[in-house]
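Look at the two complexes coming up: subunit A is in both, with subunit B in one and subunit C in the other.
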Partner chain A sequence: MKTRLVWLRNSGQTVAVGAANSLPPSSAVVRLDQMSGPVYTVPVPDMILDYMDFNDPMLALSSWIGQIGDFGLDLVWRFIHIVVTLWHIVSGIFESVESYAISLGLIQKYSSIDIEKLKCLAVVVDIEAARDVSKVIELLQWLTTIGVKQVGLFDSQGLLKKSKDMILEMVPRSVLLQETGEKHISPDRIALEFISSSDNKEAVVKAANILLEKYLKSIHPENGVGENVFTESHLNEALRVVGESVHVPDLLLVYGPVRSHLGFPAWRLRYTEIVHMGSLKYMRYGSLLKAIHKFTGVRQNYGV
Partner chain B sequence: MPCLFVSWRLRVPLSITNIRRFIKTAASQCNDKEESGTTGEKEKGGRMPKHVAIILDGNRRWAEKRGLGPSQGQEAGARTVMENVKDYFSMGINTVSLFAFSTENWGRPGDEVKYIMDMFEKIVKSEMPNLRRYGVKVSVIGKRTNIPEPLLHLIGEAEEATKNNKEKQLIVALDYSGKFDILQACKSLAEMAKNGLINVEDIDENLMDKELMTSCSEFPNPDLLIRTSGEQRISNFYLWQSAYTELYFPSVLWPDFGGAEYFEALDWYQKRQRRFGLRV
Partner chain C sequence: MVDQIRRMGGGVSQILEQIHGFARRCLFRVISMGPLPTHLAFIMDGNRRYAKKRGLKDGSGHKAGFSALMSMLQYCYELGIKYVTIYAFSIDNFRRKPEEVQSLMDLLLEKIKSLLDKESIVHEYGIRVYFIGNLALLSDQVRAAAEEVMEATAKNSRVVLLVCVAYNSTDEIVQAVKRSCMNKLVKHSEGGDRDIERIQLVDVEENMQMSVAPEPDILIRSSGETRLSNFLLWQTGNSQLFSPDALWPEIGLRHLVWAILNFQRSHSYLEKMKKQL
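Now for the complex of A and B:
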C-alpha cells in the first residue's frame, strides 16, 4: 500500500498535512484519524475534511510550472543586472571622458564660469578622507585655479585643523581667513578657514552663554524684565566674540560616502546648496567644475 | 517580454514607472560597492529610520507646469499629504516631520498665504478623525504668533485629542525657522537661569537639545531628511538637529511624491552607511 503525502483542506484553506496509508478514492472524505505518522494541523477539531492527493498529476505539473517560472525570473533578473552593469561601465567611461574634456577646456560652457556668484565655498570631508591631506591640497589647488576666493574646510574631528600649517604652505597664494578677515582678501589670494565639530554646537552654546549673561545683567530689578538679546544679530555677534565666522557658504561640497553635512556649523547652513561629490580619493576636476557651474545656474526663492 | 513576465510574476501593474523602479533597484545593487564598509555592513541591513523629515517643495512649480494657479498647486500638495500620511509610519517609523510653512513663507503674496492658512484649517478638521484612528500623536512646532486664531484653536484641539498616542508622532512645522528654534531655546534657558533653576555654567548641548521645539519627540533628530523638487538645500529647517541626517533630494515635485517614491527614499536610506562623524 502506497504511503501518500496528503494536504487536507477546508473551504480552500490547508488545515493539516500528514501521511496516509490506506485511503479511499480521491472523491471520498477522510478523517484526521485515518492519517498516520506526524500530522501538522491548525486547531480545527472534529472536522471531516476533503483531501487532495500529492501524487495528483495536475498538482505536480503546477509545481513544475512554478519552478520553471522562478528559474525564468532569476534569468531575467540576472540579464537586467548585466545590462545595468554594462550601462554603469559605459556611463562611467563617458563621465571620465567628459571630465577629461572639461579639464582640457574643450567643452565651451564650462570654460567660463561666473565665479563671482560663488562668494564662499565650503568643503566637508569625511574623516577617512581627511587623513589623506595630499588629496585635500590637490582639491584646494584646483579651487585656486578656478578662482574661488574663500574656502571653509570642515571635518568633524578637526584633522585638517591640525594640518593647517602644511596646507597653507602647500597651497599657493593661500591665507588664513581669520588673519585677513572676509572683506580684505586680495584678488590673487584664496582665504582658507578650518572648521570642525567644536565650531558647531559647542560654539553656539558658548555664544548662548554670552547672551545669557548679558540678559541677566540687563534685568530691571523693578519689573524683572531684561533686554531682548535673543535675536539673530545678537547671536551672530556673540559667535564672532567666541571666534567663529558667521559667513554663510553659498555651496557646500561633501566628499565621502555619507550624504550628510556631518555636523557643519548649523547656524551657517540656512540657504547653502549641498552637493554630494563622492569619494575624495577618486575626485575629478571636471566633476568639481560641473558642480560649481550647476550652482551658478541655481535660482533661490528664499521661501518667498 | 521580460517586463510582461516580471509584471505577471511579481503581481504589479505593468507601467513605465514600475519598470523604471525595477531597473533602479537592480542598479542600486551595483552601487553597493561605494556604500559597503567593513564595520556597520551587517547593521545597515534592515535598518529603518526612526524619524523622517520632509520638506514639501515644488507645489508652485507643479501648478506652473500644468498651467494652474499657485493655490491649486498648494491644494495638490495638501492632497498628497492626506492620501499618504498613514503610509509614512509604515515599517517601524516612529516620527514624521513635515515642513509645511516656514517663517520666510510669510513673504509670499497675501492671498496665497491666506489660502494656505484656510487650507490648513480644512486639513486639520478633515484629517483629525483619521489621525486619531491611526493612533498618531499630532504636534505642531513653530512661532504661532502670526497664525490665525481659528487655526490656532484647531491645532490646540488636535494636540489635546492625540496627546496620549505614543507609537507614532506627526510633527507639523508651521511658521518654523531653524534659527528661531535655536534662539528660543537660548531664551528658555535664560529664563531658567533667571529663576535659579540652572546655573549659566551648566548650559551645554544636552540642555539645548531639551529646549528645542523638537524635544516633544522621543526621536528629535531626523535620521532621513527628504526635500522634493530637486533643490539641494535644507532652507532653515532643523539646522541644529540635522548634523548627521542623511539628505535625500529627489527631483520629483511634492504633489507627485506618493507612497512609491517614499518607499524608494526608505530603500535608499537602508543602503547608507552612517558613521556619525566617527571612523568605521
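Now for the complex of A and C:
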C-alpha cells in the first residue's frame, strides 16, 4: 500500500506530521505511536486525523469499541470475498467441464462455426503469459485448425514482437501480415500481426505530427487558414503512413487475469467484441470454440 | 376504512424503504474495507429492448433508464466514488430515426434543465457536471443548457459527473489532435523565428476532453454486450470491463456490488499494470 502523509491534530492544532503505511478507516482514532517515519513538513496531507488525549478513560474506551467494530467489519469483508472466490472456483469447474465436452464434440451447436464472419481476430496476452511463447504458439495452432485467417497478437511491452521470428517459424502456414497483404492471403495460410503499446498512443502522436505538417503546407498565405485535415479519415490515413495497421478486429480475446484490453490500440477497438478467456497457461480449446461461436451469433446495431 | 389501509400500506412501504436503505449503507460500510474505485463509467445500453420486452411505448424505455441512472448515481455517491462517467448519446445515435433522436434530445434537454433547479441533486450533493463530446453537433438549445449547467456547477467539488453526449472516442482523439496542432501553431506564431514544436504525447493527453478525470477503474456496459462501441477507448487501457446481462433499466445494486467486489480482487494486478506503463 502507498505510503501516505498524515497530519495529527489535537484540538485543531497540528502536533505531528508523519508517514503511515496503512491508513485506518476514517472513523478510528489513532495513537501517536502508530505513526512511523521521520517528521517533516508537507504542504497538503493525504489525511488529517484528530487524536484524543488517552488519559481520559471514556475516550479510550470509545476508541477501543471503534477499533473492535472495524475489526468486525474487516472480518465480514474477508468472508464476503471468500464467498466470491468460491463462486469463481465453482464456475471455473463448470466451464472446464463444458469446454472438455465441446472439444470432444459432444455439444452439437459448436460442431460447425461460420468462420467467414470472423475476418480479423485479435489476441491480447498478459505480460506474464507472453513470456511463455510455447503457449502462444499452441494457441495459434488451434486458431489455424479452426480456420481463422488473420490474427493480431498484442502484449503491452512487445515481448511477442521480439519472438516474432520464432513464432512465424513454429506456426505452420503462418505469414507476417503486411499493410497491403491482407487481400493476398491464400486460403490455407494464417496472417499474423504483432502489436504492442507503442502502436497505440505513440502511433497517434506520430500521426498527429504528420497532420500538423500537412496542415502547415496547406496554409493559404492570404488568410492563414489551412485545409481541414482534422477528420477521422485523415487520421486513419496518417496512421497508415506511420506504418500502423488500421484493420478493425471483430473479436478480441483477452488471456490474462482481468477482462481489460490492456492498452490495445484504441483507434482500432471501436466495435470489437471483447471476451475474457482466463489465463493463457490453462487455456482450453473448447472455450476458444465457444467464444468464436458466440461471436458469430452477435448482431450489432452500430448505434442506429 | 380504505383510506386507513392505504395509509398503512404507504407507511409499511416507507419503513421497508428505510430498512433497505439502512441495509445498503451497512453493506457499503463493509465493502469500503477494501479498495474502492475512484472513477466508474457506464454504457447505458438496453433501454429500447426493455421497452419492447415490457410492451411499453417507445420513449418509456429511456425514462425507465433515467431512473435507473439516478439510483446508480445515488449508490456511487453513498460509496464515495468521486468520478462517474455516463455514455448518454453517441455520435452514431444521430443516425437513428429522426423522431427517436428528437425525443431523446427533448428528454436530454428536460433533464439538463432540471439540473439547474436550485433544489436539484447537483447542489444538494455538490456534484460538478461536465458535458463531454462534440457539443457543436447538438441543437443550440441543448448546447446552451449544457453550458449553463457546467458553469453553474463549476464550484462544486464533492462528486464529478461526466455526461458524454454527441461523443465518440475516435472523434475525441481527432479533436485532441486538432487542439494540439492549433496550440503549437499559436505558440509558433507568438515565438517568432523558432521552428514549430513537434506534438508530444502529453500535448494530446492534456487536450483530450476526458482529461478532467482520471482513467476509469471500472467500465460497466449493461445488456450483456461485450463491445465498447467507441466509448473511452483511449482511457480504458487499465480498466476492468463488466458486461452484466441485465438491460439498463433493470440494472441494480447487486450488479454494482458484484463489479466492485471483482475490482477489489483484481486491484493489485491493475495497480501493477499501471506502474509498468
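Operating definition for what follows: the second predicted complex is superposed on the first by the 208 of 304 C-alpha atoms of A that agree within 3 Å, B and C clash if a C-alpha of one lies under 4 Å from a C-alpha of the other, contacts with A are read in each partner's own complex, and residues count from 1 in each chain.
Assume a residue touches a chain if its C-beta (ideal position, glycine included) is under 8 Å from a C-beta of that chain, and two chains touch if they have at least 3 such contacts.
Predicted model, so just to flag it, every value in this text is computed and none were measured.
J.: Overlaying on subunit A: subunit B and subunit C, fit or clash?
T.: Overlaying the two complexes on subunit A (C-alpha atoms) leaves subunit C and subunit B clashing.
J.: Tell me which partner A:Ile274 touches in the superposition: subunit B (first), subunit C (second), both or neither.
T.: both
J.: Counting only touches as set out at the top, which of subunit B and subunit C does A:Glu202 meet: first, second, both, neither?
T.: Both: A:Glu202 reaches subunit B and subunit C.
J.: For A:Phe230 in the superposed arrangement: first (subunit B), second (subunit C), both or neither?
T.: both
J.: Tell me which partner A:Glu169 touches in the superposition: subunit B (first), subunit C (second), both or neither.
T.: Neither: A:Glu169 stays clear of subunit B and subunit C.
J.: Tell me which partner A:His81 touches in the superposition: subunit B (first), subunit C (second), both or neither.
T.: Both partners, subunit B and subunit C.
J.: Given the touch rule stated above, what does A:Asp114 touch, subunit B (first), subunit C (second), both, or neither?
T.: Touch partners of A:Asp114: none, neither subunit B nor subunit C.
J.: Determine, under the contact definition given at the top, whether A:Leu212 touches first (subunit B), second (subunit C), both, or neither.
T.: In the superposed model, A:Leu212 contacts both subunit B and subunit C.
J.: Could you give the residue numbers on subunit A that contact subunit B in one complex and subunit C in the other?
T.: 73, 76-77, 80-81, 84-85, 127, 156-157, 197, 200-202, 204-205, 208-209, 211-212, 215-216, 230-232, 235, 257-263, 266-267, 269-275, 298, 300, 302-304
J.: Which residues of subunit C touch subunit A in their complex?
T.: It comes out as residues 29-34, 90-93, 95-96, 169-171, 173-175, 177-178, 180-181, 184-185, 196, 198-201, 204-205, 225-230, 233-234, 236-242, 261-262, 264-266, 269-270, 273, 276-277.
J.: Looking at the complex, which residues from subunit B come into contact with subunit A?
T.: It is residues 2, 5-6, 9, 22-23, 26-27, 29-30, 34-35, 37, 102-105, 107-108, 178-179, 182-187, 189-190, 193-194, 200-201, 203-205, 208, 231-236, 239-240, 242-248, 272-275, 277-280 of subunit B that touch subunit A.
J.: Which of the residues in subunit A come into contact with subunit C in the complex?
T.: Contact set of subunit A toward subunit C: 25, 70, 73-74, 76-77, 80-81, 84-85, 127, 156-157, 197, 200-202, 204-205, 207-209, 211-212, 215-216, 230-232, 235, 257-264, 266-267, 269-275, 298, 300, 302-304.
J.: Please give the residue numbers of subunit A that touch subunit B in the complex, ascending.
T.: Touch list, subunit A to subunit B: 69, 72-73, 76-77, 79-81, 84-85, 87-88, 126-128, 156-157, 197, 200-202, 204-205, 208-209, 211-213, 215-216, 219, 224, 226, 230-232, 235, 257-263, 266-267, 269-276, 278-279, 298, 300, 302-304.
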